[in-house]
Amino acid sequence: MKPALIIVDMLKDTFRRHPESPIVLECKKFIPFLNDFIDLFHAKNYPVVFACDSFLPEDFIFRAGLKPHSLRGTEGSEPIDELHRSPSDHIVQKRRFSAFFKTDLDQTLRTLGVDRIFVSGIATNICVLTTALDAVSNDFSAVIMEQCCAAHNPEAHLAVIKAYKKTPLHPLLQVLNNKECLELLKAQ
Amino acid sequence: MKPALIIVDMLKDTFRRHPESPIVLECKKFIPFLNDFIDLFHAKNYPVVFACDSFLPEDFIFRAGLKPHSLRGTEGSEPIDELHRSPSDHIVQKRRFSAFFKTDLDQTLRTLGVDRIFVSGIATNICVLTTALDAVSNDFSAVIMEQCCAAHNPEAHLAVIKAYKKTPLHPLLQVLNNKECLELLKAQ
Amino acid sequence: MKPALIIVDMLKDTFRRHPESPIVLECKKFIPFLNDFIDLFHAKNYPVVFACDSFLPEDFIFRAGLKPHSLRGTEGSEPIDELHRSPSDHIVQKRRFSAFFKTDLDQTLRTLGVDRIFVSGIATNICVLTTALDAVSNDFSAVIMEQCCAAHNPEAHLAVIKAYKKTPLHPLLQVLNNKECLELLKAQ
Amino acid sequence: MKPALIIVDMLKDTFRRHPESPIVLECKKFIPFLNDFIDLFHAKNYPVVFACDSFLPEDFIFRAGLKPHSLRGTEGSEPIDELHRSPSDHIVQKRRFSAFFKTDLDQTLRTLGVDRIFVSGIATNICVLTTALDAVSNDFSAVIMEQCCAAHNPEAHLAVIKAYKKTPLHPLLQVLNNKECLELLKAQ
């Protein structure tokens, strides 16, 4: 297999505006481990993709309680500096939840020969999950990295981890901890 | 608002081949209530959409444990007869989970002036959930009808219901029981 | 290479309602040759795809001079009986011009291992051309079968044939006559 | 109506590498007029969109004669400085021909309330034409600005202008000269 690492919505706006929010605090715990994975993918020349919210102020999803953030063209929609980005990494500006929604990520992955993606970031129950499920819809295997993602509260995170550990889609869709991710990466 | 009712994957293959499976038994419990909703949408001239798996035998998702089923062009990929279908209802042949994935459902809903969809059917944690989230991605409000959907086991169903009851997307995405759905429909 | 044959919009509504129109008369001339190609693809077990307009009466494109036709679910949106259809052929219900627009044709072709499509049917300057260009966009080589397609007038047909014979996309996009198509098919 | 102006592939790589090519020479003739339109759209607060090729070196379309150019993340894939860009203009990074292919331009235009696009740039017969036709596919009216676009040779340009002046899609799809474009813009 040829894997790619997808890092979803680890963005400056979220980390700067809500540094003490539960989801950011959870992220800060796993960033060192996520950076280890980024280093590993870089070392192996496997693609690393930063999928970043890139909204318009007028967007539909801001009609509810969400305040405009991660606006297209602003620094707030960029990945946080704590992550080990390389100039050769891919940036996907996404308008909604899934990194595949109205983007060319599927074509990029096919062009690069990728057949499996490892999905990390936030939030587990929205953007991480939809990215993993859309990967399978697009004929890629997907791994939700359960120890490298977080939700707005631990219950929502755990509910997703539990609900997708065992589905009829296994093993096209898997939920793996860091150790299991490493083993799968080495097994190739 | 103008709502549409989406009925996901209530298909002959599933009901005929696995009549005693937990998910089919759950479905049989809610079919009378779902038919009441279908009748209501018909009476109000609101669109009713049957979103139906329509696979090829060679499809990627059959590379795991799933046996080929709901194949394109076969009777098994049609909605079960127990549902109150009308000739004017819409059929969406979908290739994967979400009713929006590589279909023209978004265009159909916009053309018909729909701004909110009510999502029912199976499975709560895969096709129902992705359809609801893709609806929001496509700028439609979405309601997961928690008493008119089911998963392969009650835990997976409940995990999803719980995880999406309260998200930052509320009220663009809601999880409502039958009584709450009726109230929302009457409130318009 | 593994080719597929795409037959665009050779539909009952067009042929029954306008049997003496210039475009239908042109089609009648090439149907025998197109049937030869269909037979050849069937004999080789290469996929044959009928891409068929499948509109809603409320569709945007009917806001201009076009009268509603080829409506979804009606017999008028089916391929004409004169073509050598086989039960194993693929039907793509398309909502607009290109056979790839909001359909899963790209996924079907990849799943079947196809890398080049031969495009025939009507109209050369709208649905045939957009299907061929979208094929290249989706990383398939494309051949416009210049002797198996027609436009609403010969000038529009010839203008397209001429304009795309030599583009910077050659040979990913080619315009070939029947003899050249056969040679390319045999060369594999 | 609310119009948007789409400027297709007026990119630094093309203008710098091939300053004396026929297509660039043609472009230089119409840039003053195109800038007048850009100024007009800015003055009216109508959206202006720069649709820019944004390829990967490994892309399918480079398997033919085309040399890699307009690569994602490089300055060569940016609009030329001669155009009157404003910071509030939209940039669409496109992977293929049409500005709508695997991008969120349709959603952007709907979100901004746009119902008609004016398409300019290069090349008339590939990226301009597919953008205009995809606009109609996505339920927007489209105008090909015949005096603000060019092809790799005048014949290919004229063939397209002629072939699409009168189609069954008129007036959803129109080909207009500068004077007619201005009149249509004032008529609103």
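Order of writing sets the chain letters: A, B, C and D. Residues in each chain are counted from 1.
What we mean here is this: a contact is a pair of C-beta atoms (placed from the backbone, for glycine too) under 8 Å apart; a residue touches a chain by one contact, two chains touch by 3 or more.
Just so we're clear, the structure is a prediction, and the values are computed from it rather than from any experiment.
A.B. asks: Validating interface symmetry: for the copies chain C and chain D, is the fraction of residue numbers used by both over half? Same or different.
C.D. replies: Result for this pair: same.
A.B. asks: So which has more C-beta pairs touching, B-C or B-D?
C.D. replies: If we tally the contacting C-beta pairs, B-C comes out ahead.
A.B. asks: Please compute the C-alpha centroid of chain B, do the same for chain C, then give the distance between them in whole Å.
C.D. replies: Centres of chain B and chain C (C-alpha means) sit 33 Å apart.
A.B. asks: Counting only Cα atoms for the centres, state how far chain C is from chain D in Å.
C.D. replies: Their C-alpha centroids are separated by 26 Å.
A.B. asks: Mind checking the centre-to-centre distance between chain B and chain D? Centres are C-alpha means, answer in whole Å.
C.D. replies: Each chain reduced to its C-alpha mean, chain B and chain D end up 39 Å apart.
A.B. asks: Going by the contact rule already set, what residues in chain B reach two or more other chains?
C.D. replies: 60, 95, 107, 111, 139
A.B. asks: In their complex, what parts of chain C are in touch with chain B?
C.D. replies: 56, 58-60, 73, 91, 93, 95, 102-104, 106-108, 111-112
A.B. asks: Quick check on the complex: what are the chain C residues that touch chain A?
C.D. replies: Interface residues on chain C, with respect to chain A: 107, 110-111, 138-139.
A.B. asks: Quick one: in the complex, what on chain A touches chain B?
C.D. replies: For chain A paired with chain B, touching residues are 60-61, 63-66, 95-98, 101, 125-126, 130, 133-134, 136-137, 139, 151-152, 155-156, 159-160, 162-164, 167-172.
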